[in-house]
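Please find the structures below.
What follows is a pair of complexes built around subunit A, which joins subunit B in one and subunit C in the other.
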Partner chain A sequence: MRCTYRFSEGPGGAALPGCRRASARRAGRKPGGRLKAWPHMLPLTFLLAGFACAQYQAPRTADGKPDLQGIWEPRNAAAFDVSEIAEGHEIPYLPAALEREQKADRVDPIAHCGMPGVPRISYMPFPFQIVQRPGVVVFLYEYLHNERIISTNPRPHLDGIDFYLGDSVAHWEGDTLVIDVTDLGDKTWLDSARHTHSDALHVVERYTRTGPNTITYEATIDDPKTYSHAWKIKMPLHRNNEPGFELREQECTEGDDGRAIHPLYRPAANGDPLEFVRTYPSGKGGAQ
Partner chain B sequence: MKWKLSVLAIAAGLLLAAVPVRAHHSFAAEYDKSKPLKLTGTVTKFDLTNPHSWIYIDVTGADGKVVNWGFETASPSNLYRRGFRKDTVKVGTVVTIEGFQAKDDTHTGNAQRLTLADGTHYVMGTEENPG
Partner chain C sequence: MRIGWLVCILASVPAFAQNPSLEGYWQPRTSGAAYSILPHPGGFFLGAESKTGIVEGGDLPYQPWAAAKVKELTQHMELDPTGHCHYEGIPHAMYFGFQIYVTPQYVFMMHENMHAWRIIYMSGSHPKDYSAWMGDSRGRWDGKTLVVDVADLNDKSVFDMAGHFHSGAMHVVERFTPVDADAVNYEATIDDPKVFTRPWKMSFPLYRRLEKNAQFLEFKCVPFSEELVYGHLRKQAGK
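Then we have the complex of A and B:
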C-alpha cells in the first residue's frame, strides 16, 4: 500500500483511495454492521486510516534500498545545546560524570577547530549530502569537509583505536538506515554547552525517510561511564531544495588568539563567546 | 593531576620549541636523516590520535640525567594497519625507539621503529618516510 505524504501530514492532505480501502477493511473486521450503528465512530476510522498511511514509502535506489540521497540539513540549535533534541530535554548523568564534567575544560573543542564527533556532526548547522552505492552509504558534510564512508555489510567494530568520528557499521532495518558507532574516544563534546562523554560512548543512529523532503533522525546515546542509562535524541532533517544548491568549502583555521575563525564563533564585544549557556538547565544535566 | 600537568607542560614546551605548527608537514622540513637516534626509555605520555601521534619517553643518560624525548609517529590509521593499538604502549612501558632527530636539535624526533621489551617491534614512520 502506498500513501501520500500529504495525507499523513495533517488535515489538509487527501487520502488516496488505497488508504480508504485499508480503513474499510479494518472496519470490516469489526462485528458486522456496527459501523453503521455508530456513525460518530467515523472520525476515528479516518484517524486509524491516518495511522495506517503514516508510514511513508521512501523511493528506492537501483539496488532496492530506501533512497536517502540528497542534501539535508538540521534546522535547530542542538549543536549549541543537545538537550534541545533530547527526550525530555534531560541527560541522565551519573553523579561522578557530572562532577568530572564540571572540572573539564570550559572551551568547546570546536572553538579551536576540533572535530565535532558523532552524533554532533549530524546536527552541526551546516548541510550534508548523502550518496548511496550498493553496500555503502556516504555522508559528505560541508562542515570542515568531514566524511563518513559506511559499509552496510556487517563486520565487527575496530578494536584498540579511537577516531573523532568513530567506527561506523550500518545495516538496513526495513526503511531505516541503522548506523552503529563506537571507538569515538573522549575528546569530542556533544555540543557547545559542555555536554561531554567518555571513551565508552556508543551511538546508534537511525535515518528514516518520512516524506519527500524529510528524514527523521534518531540516535540512542549510551555511555555507562557517563550516563545512568541510554538516552535518545530525535530531530527532523530537511532537504535543501534550493535550485542549484551544492556543498561548498567550510573551513576552520585558528586566528592569532588561537580561536577558530568560522561562523559559529565570532568574537563578541563582551563576555566569552566560546562558552555557551545551556538552554535546558536541570539538576541532572545542567552545569551552571 | 600534578604529574599530568607537568607532563603537559613539558609536552607543550617541546611543541613550542620544535615548530610553531604541528599539523601537517613534511619529514624533510623538520627531521635530519644524518642524525639517527636509538633510545631506550620509559613511556611518559602517548596518545594514538589524529593527525599524528606523539610518544614521549624518559631516557636516562650515561650521566644519570633523565631527559624527556618526544617522537612523532605515523597517523593512527596507518599504525593500526601495522598492528599497533592504543594499548600497545602505556605510561611506564619500556620501549626502544629508532628514528631521526629534529633539525633544530631539540629533544624531539621522528620515530621509525619501536621495539618492546619482548622484542616485538612496529614500524612507526610517517607516510613520507615510513622507515
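Then we have the complex of A and C:
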C-alpha cells in the first residue's frame, strides 16, 4: 500500500500499516538506528538540553504578547497520515468508530475542494500567515484561502451551529496561545488516510514560539464518540525565510478525473507524491 | 540601505497613525451591485426595490463587440463563477461585508463571503507572470485615503450576475476614503483597454458595523452551491 497524497481518494480503511511505516521513515526513525547512534550523540544531547533549559524569550507585540506573526509552514506529511505527528503514532479508536469509518464515504472531502477543518488546516503542506492585533489573532492560510479570525478575549462558544473550521476562542497561557475549537461538525477528515471524527470533536491547539524561526504546535484531540481518550499531536512550524516570499492565491477546482486541481502547484520533478512545487516565479514554495 | 529602511518606517508611521479609522467591520451598501452594477428593476430574489447600481454615470463604455457579448451573457446567469464557489475577484468581492486590519507593512482585508482574504502589501511591486481571481494588491496612503493598485487579475471574474465582464488586462485602482468615524467611501477606477473605450468608475459607501458582537462567521460555499447548481440533477437521479 502506498501512502500517496491523493486529493481524490484516500487509501481505504483506517488501519494503514504501510502509511505508518512511510511516515516513520519520513520522520527519520530508522529501525535499529537509534541504539547504535546514541553514544556519539551524548555530548550534543547535553548541549541541546542546555539550550532548552535557557527558555527562549519570544519578541513581543505592542500589547506585550509573544509575537507569532509571520509566514509559517509545517514540513511533514501529516495531512496524508496524521499518525506521523500523533503521540505514540497511534490513534485510540473505539471499535464502534472504526466500524463506522469502514462504512462511511470513501472520498476525502478535500477532493471536492471542501475546507479541511481543524486541526488538519494546521498541517496542510502549505504556508500560512499569522497576524496579531490587540485582542485578535488572525490566521490566513494559503490553502484554499481559508481564514480564521480569533478573539483572544474569552466568550462562550456559539451554540447549535457547525463550521468546517469550527468556532475558535483563544486565550494566552503564559507565552502560549491556546485556541479552543468546537462546533466542527463531522464532515471533515483528519488526513487523507481516512482518519475521521464525529461532531463531538473538541480540539485545543497550543502555539508556542520556541525560537526565531520556530513555533511548536500541539493539539489535544478529544471526541468521546470516536476515541477512547483524548490524544495529542505535536509538530514544529517553520518560518518561511525566503526573501520576498508572499502568500499567493491558492484556488481549488474539481477536475474532470475527480481530483482537485490546485493551479499554483504541480508535482515535484522527482515524482515524490508528497512534494509540490509552486508554479509562480517568486520562490520554490514551502510545500515540501 | 539602512537609511532607506529608516525613511520607509518614518514615512509610514504618520500615515499609519492617521488611519486607524479604517480598522473594523464594514458593510457595503451597493444598491444591488451583486446582481447588476447598472440600474435595474427589483425582482424575486433581489428585493422589491429597483436599484441604481454603482457605476458613475449609470452606463458602461463597452467596445461594440463587448456590448454584444454582454447581451448574450445576461441570458446565462448560471455562468456566474461565484455560483461555483470561485473568488469574486476585485472589485466584485468588495460588495460584501469584510473586516480590515491596518499595519505599517500590510493592510489585511478579510471577507466572510467565499472566505476570501486579501493582503495589501504597502511595499514591493506586482509579481510578473501571475494571474489570480483577487489579483495582486499594492497600497499606499494618500493623506487619509488608502489607495490600492490591483493588477494580475484573471479574465474569469465578472462584475456581477448580469454579464458585465472584463479581460485579463484589467487594472483597478481603489480608493478607501474615510468620510466620518463610521463611514468610508469606496471608489474603484476600472481600466481595461481590451473591453472598454475608456476607464470608468464605480463607488459606494462602506458603513461600520456597530454591533458589539460583530463577527464574521464561516461561508459554507461548497455545500450551498452544490445544491444550488447541481441539486436538480441529484433529485432526477433519485427517481
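Operating definition for what follows: the second predicted complex is superposed on the first by the 207 of 288 C-alpha atoms of A that agree within 3 Å, B and C clash if a C-alpha of one lies under 4 Å from a C-alpha of the other, contacts with A are read in each partner's own complex, and residues count from 1 in each chain.
Methods note: a residue touches a chain if its C-beta (ideal position, glycine included) is under 8 Å from a C-beta of that chain, and two chains touch if they have at least 3 such contacts.
Just so it is clear, the model here is predicted, and its values are computed rather than measured.
Asker: Is the number of subunit A residues in contact higher for subunit B or for subunit C?
Answerer: Comparing subunit B with subunit C, the partner touching more subunit A residues is C.
Asker: Have a look at where A:164 lands relative to subunit B and subunit C in the superposition and call it first, second, both or neither.
Answerer: both
Asker: Thinking of the overlay built on chain A, is A:251 touched by subunit B (first), by subunit C (second), by both, or by neither?
Answerer: After superposition on chain A, A:251 lies in contact with subunit C alone.
Asker: With the two structures laid over each other on chain A, which partner does A:140 touch: subunit B (first), subunit C (second), both, or neither?
Answerer: In the superposed model, A:140 contacts subunit C only, not subunit B.
Asker: Determine, under the contact definition given at the top, whether A:229 touches first (subunit B), second (subunit C), both, or neither.
Answerer: After superposition on chain A, A:229 lies in contact with neither partner.
Asker: Enumerate the residues of subunit A that count as touching subunit B in its complex and touching subunit C in the other.
Answerer: 158, 161, 163-164
Asker: For the complex, which residues does subunit A have touching subunit B?
Answerer: Checking each residue of subunit A against subunit B gives 158-164, 185, 187.
Asker: Subunit A touches which residues of subunit C in the complex?
Answerer: 23, 85-87, 99, 101, 103, 106, 108, 110, 114-117, 119, 121, 124, 127-130, 132-134, 215-218, 220, 222
Asker: Taking the complex as given, what residues does subunit A use to touch subunit C?
Answerer: Against subunit C, subunit A makes touches at 112-115, 129, 131, 133, 136, 138, 140, 144-147, 149, 151, 158, 161, 163-165, 244, 246-249, 251, 253, 280-282.
Asker: Taking the complex as given, what residues does subunit B use to touch subunit A?
Answerer: Of all residues in subunit B, those touching subunit A are 48-50, 76-77, 80, 85-88.
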